[in-house]
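You will see subunit A twice below: alongside subunit B first, and alongside subunit C after that.
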Partner chain A sequence: MIDGSLLQFFTDPILRAPTIGCILMCISSGLVGVVVFLKKQSLIGEALSHATYPGVILGAMIAGVFEIDSSNDVLITIFVMLGASFTALIGLWCIHFLQHKVKVPSDSALCFVLAAFFGIGLTLASQMQFAFSSLYRQAQIYLYGQAATMIDIHIWVYSILFVCVTIVISLFYKEIRTIAFDREYARSLGINTRTVDHIIYLLIVIALVIGIRSVGVVLMSAMLIAPAVAARQYTHKLYITFILAALFGGVSGFLGNYFSISIGNALAIHFPTHHFALATGPMIVIVASILCLLSLLFAPERGLVIRYLRIAHFRYHCLQENLLKACWRFPEGKTIPFDEISKYQSLSPTYLRFVLASLAWQGWLLKEPAGYRLSPEGRAWSTRIVRLHRLWEVYLVDYLGMGVERVHRSAEEMEHIITPELERELTLLLNDPKRDPHSQPIPKEFE
Partner chain B sequence: MTHLKEPRENALHIHHLTVNYDQTPVLWDIDCSIPSGNIVGIIGPNGAGKSTLIKTALGLVQPISGKTTFFGKSLEESRRRIAYVPQRESVDWDFPITVKNLVMMGRYGTLGLFRWPKQADHAAVNHYIEAMGLTPYADRQINQLSGGQQQRAFIARALVQEADIYFMDEPFAGVDMGTEKAIMDMLHHLKSHGKTVFVVHHDLNTVETSFDWILMLNLRLIACGPVVEVFNTDTLMMTYGKTYALLDDVLKISQARSQGIKNR
Partner chain C sequence: MTYSNPYTDQSFIGFFYTLLTRLWSLLTGNAVPDTLATDEIQLLVLAGVAISCAILGVFLVFRKMTMLANALSHTILLGIVAAFLWTQSHHLANAFEGVVNETALLVAALAMGLLTTFLTELLSKGFGLQEDASTGVVFTSLFALGVIAVTLLTRDAHIGLEAVMGNVDALQAHDMRLVYITVVINSISLILFYKEFAITTFDPALSRSFGIPNGFYNYLLMVLVSITAIAAFRAVGVLMVLAFFTGPPLTAKLLAKNLSQAICLAALFGIGSALLGVALARHVLTAYGVSLSTGGVCVCAIVLLYLGTLICTKWTMKTFMKSPLSS
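Entry: the complex of A and B
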């Protein structure tokens, strides 16, 4: 009985082939996916994975013609893989022909090849149903994938292909990076971009051919893209992107297997009368998609959540600066009553009181019985904001030729984002002006 | 004008070059020679074929006829002596590489397949990063640089190639003053070492102070020579004037014909 311990997935004679096979396949597609993703060719994976389908059927048919027994897994696997690679390459050639010779836009060419090849595959499949019915069932596996029936021989085949993918990517790492980033520059260096392109296409086809057995032609492209997109969220270095994509792929491959068994078992215990079969392939895709989604949301630098937090923080920062600036307009050393401040602010009084209190708590303002007063530090900060505002106005009028009446609004946004370096450059460029376009004095740089 | 100095070798010779293909602007029968050791400005209105000219010289665009030679040799023989700085907007700056990685690309041509950068290559990369004032940013992702810093990184990448001829596509477009000065200084430094630099340029005000030679282009070659000799109102009128509308139309038709598109 399968008790669900993790190690068992690598030792149990029934479980180990699907688990290890899926992990190898997911790592390969994760690695190749990074290349595809960075070359902005994600749709090619989708089109080519569908283009493998007629090849799968053809391969099985040829196996049938040679009267290979449907239980001979090795030979059938090889026939199917060769067929799949063959039609995928034809699909690739068609895409190129349509794009470069017939001048069809690339998205149309991809959609056309995807639909046409898949259609041919389905037609062939319905024909085959009657001619070679036992092989037909074998071939149908490739439509949605079926990891559970994988056997040890698949591990060996996929290991070899996985090693090939890894070696080829490491050997051509420099060239792949240069071409993906800047194709024309790569050509100016004398790099043979066409050869490298062909190698990349070959990698895509290998990754697809490994993948369709467990995930199926319909879902396969997700396994190319999801790990790459997730990995890109965490790093600015290419080799780490590769390593992370491989890791995310491998984890999805394992967890897909794990969940399909453990959730299946759990459901079977709770609802003994129902029959549950959680297919491994879709489960792998679901895990990979969840990993990808979580990365898009929560990655420490590029994640959506952290970006929203940063936006909120920036807005709060602007609000603080605007309030300090409002206080700056009153004579130095004067205590400003709350009503005077709130008169020109659109905030709710409660929130305004909160922001003022926090400014006072941070030491920028001094709270007094009659209201608020700028502390020396608060005065320095607000003087700088006013200075930046007025400098920017001068820049807009003198250098960009904007009308004097329009510059105030634009400067209102910019005063919050100008860094000390930009301020220095601005001061230098404008020759340290003393008056802004509205003839208001520009405060000196605060020492 | 007498040539007191010895006549210098031609860094670039463009021989009856015609480009008329695909989406690129047309170039028609360009023929000129540029002696080495000059800073050469390439100017002309939008769509005049400035970028096309240097891309054709670099073999990135296939000409219909004509050829270019470098120091009398073909492009393939001279690859290692030529460096290219593409337009800054031509790449996706969100790509996951650091400034150091980007500059290292300049070495990939000489390294060739299956060879990894050695210590000497890393030293050269650091040297040129320093020369372009990017040392504090060497390990940053390229998206975290300002526009001017990105342009300097691109130029450092070309410098690392240690070439004899440099083609720069609008290196001064949208950069800050500091970068403009850094690039200008680098151009003079290269010139003082006998290098030849071609610069696609937009700002007519700075032509006389920046360049020794000028190549004025509007679909065909208007003028090519030392700035003091050929840069004047007449040539400017010819380059930027409207008299070429007819030529443009005719060349468009010829472009359509050569691609087998029926004319409306």
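Entry: the complex of A and C
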């Protein structure tokens, strides 16, 4: 059925509906997720997605009462979606009521509404299992999501909702941005914060209702969080965050659906007797979480690994400068034996040899049989460091009034940081001093 | 195995009547019932879950940590899978049919409790992510892994559903052991650390100045929560246990004047909703022939008790004190 071509997922009449459906759903939840993430309300999605469950069951039950055939997908989808948004809105109202009227802490209110609605949904579901068992099976799909059974007509319904979400977000982009970052400021600008809040909640509900078909009630909240978190890692600009979140959402929707189908097929070959379909929801969530984790680790600037690498690089740079400075203290042109250098360093000899070798390779030091010697370039660099160190000491004593005995430690750090422009400013400010507070000569600026 | 269930065809009132007469005959020693009826097993398991949850739930609510409990209740699914990979690699399905290895489950709960708390803290402190988002990312991804693992290992998508929703109606007598082990563990921890829990909950700054390690009690509470959740999953599933964690303590909070009162009231409300739930489910089965999920009905009972208490307290406040509860 599948010969590995990804394009086939968009053209094949059976495969294209689930694929496009998943992508649309995940894009819209990614977009809404950014708003929720900025408002620091990520967990409201968790509560509301569970609150849709009784609605799903109710919708299917009403469909059953009207004796709609279980093969009539469009009507059942619409009933289910209406039911789901209805109970999600009731859940939202309950959360607000508990928080503001009864003064329940917000987390308990969320958690209670989540569990209570889910329990009520389950009670309804157990009733339905006997009353309308074929519809019951369709409603249970919404628990973990099942994209594989979607058909083209679903896509039209979801596309309309997706377009609505996109339009609303772009219309209210400015208001959402202002409110997310500074509520008081937004109010002073004359933005009606209550109305915008209501619009945002409506967006959340729509995104949930679109999403539960493919990701499922239980895991839907992940799709509101993971793409937004991943997108936030790359940029400080809001509109780029939106675009990236939509992109990450879409990619995880596509890949999740792809993996669930291909792994399901592979399993069907290995275990022909057990006929089971792998739920789409968990796969999509796993892909989204992996994207999120990778972004947290490797995003340029904000990624953890990148940050640590930058710190490690800076430390190494400092170490190099300190070693050059140590060599500078010996008379010019003299070859310094390794033991003399290592005497004042707390490094392991092997590592010290490695750093020295790399300095020699870069041309700052010259390797000789008896030890190391500063090259002219190395001499210039180390002189500059010493000069910066002593300039900074002068500055601390003369301008900040620090005690002479206390300035050395600060200068040890600043000597690695001061830029040439700062150096020029310091020289001007201090009238190009000749001696530091410890009466040691300050080397001349090197040409 | 066919034995006559004395509760068959009983209505709501009849349920309690039968329960009381059987209790009475047990206490007076007139007739020793040879086996517990299904309804009694359900009742005992649910009451045990309710007591455990009430003890911990009060602290969770006051510490504003219920969402972490929500996270834990999801992630223990992965723990359950791991426990059964470890003990009996080829019969995961047994885990969901009642063959229970308590030690493996408890160790798994312990590990998942620590792992979830640790990962959430890592994301929020190490990566500088806001707390709600880090909780959300961690538990949803671990839960998704759990669901996939269950589906792949049992080759049956249905069992994944059962883990989430629980199945009170499939409980057997040996399920009570794990539930009551956790009741004992929770009660002992409560008695031993009552003061420490109270002070770290209400005044973390003061407790720090006394040299009480707040972090330790955080982790201890989380471990206890995950043990309780894992003991409850066969009965009510990993999601509805949250209703037991939050519902009765919130109800008790409306009435109680101090912490110990709140814990007692929460336990009472929990047991009460278990009773109500089982009786109502039986009544519906008798009167309408519809077999409702008993766990779900219990959650409904919790909600009803909360709403009832809320209305009562508001009403008494308005009539006797002439001041509304809140603006």
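One rule holds in what follows: the second predicted complex is superposed on the first by the 296 of 447 C-alpha atoms of A that agree within 3 Å, B and C clash if a C-alpha of one lies under 4 Å from a C-alpha of the other, contacts with A are read in each partner's own complex, and residues count from 1 in each chain.
Just so it is clear, a residue touches a chain if its C-beta (ideal position, glycine included) is under 8 Å from a C-beta of that chain, and two chains touch if they have at least 3 such contacts.
Since the structure is predicted, the reported quantities are computational estimates derived from the model, not experimental observations.
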First, second, both or neither for A:119, with subunit B first and subunit C second: second
Which superposed partner A:29 touches (first subunit B, second subunit C, both, neither): neither
Partner chain(s) touched by A:77 [first = subunit B, second = subunit C, both, neither]: neither
Touching partner for A:138 - first (subunit B), second (subunit C), both, neither: neither
Partner chain(s) touched by A:322 [first = subunit B, second = subunit C, both, neither]: neither
Between subunit B and subunit C, more extensive residue contact with subunit A: C
Which of subunit B and subunit C A:85 touches, first, second, both or neither: neither
Subunit B/subunit C common contact set on subunit A: 40
Partner subunit B, residues of subunit A touching it in the complex: 38, 40, 171-172, 174-175, 177-178, 180-182, 184-191, 232, 235-238, 241, 425, 429
Sites on subunit C touched by subunit A in the complex: 60-61, 64-67, 69-70, 123, 126-127, 129-130, 132-133, 135-137, 140-141, 143-145, 147-148, 151-152, 155-157, 160-161, 164-165, 239-243, 245-247, 249-250, 253-254, 290-293, 295-300, 302-303, 306, 310, 325-326
In the complex, subunit B residues that touch subunit A: 55, 58-60, 79-80, 82-84, 86, 90-92, 95-98, 101-102, 105-106, 108-109, 111, 113-114, 116, 140-141, 143, 157, 161, 176-178
Touch list for subunit A against partner subunit C, complex: 37, 40-43, 45-46, 50, 100-108, 110-112, 114-116, 118-127, 130-131, 140, 143-144, 218-219, 221-222, 224-226, 228-229, 267, 271, 274, 276-279, 281-283, 285-286, 289, 292, 296, 304
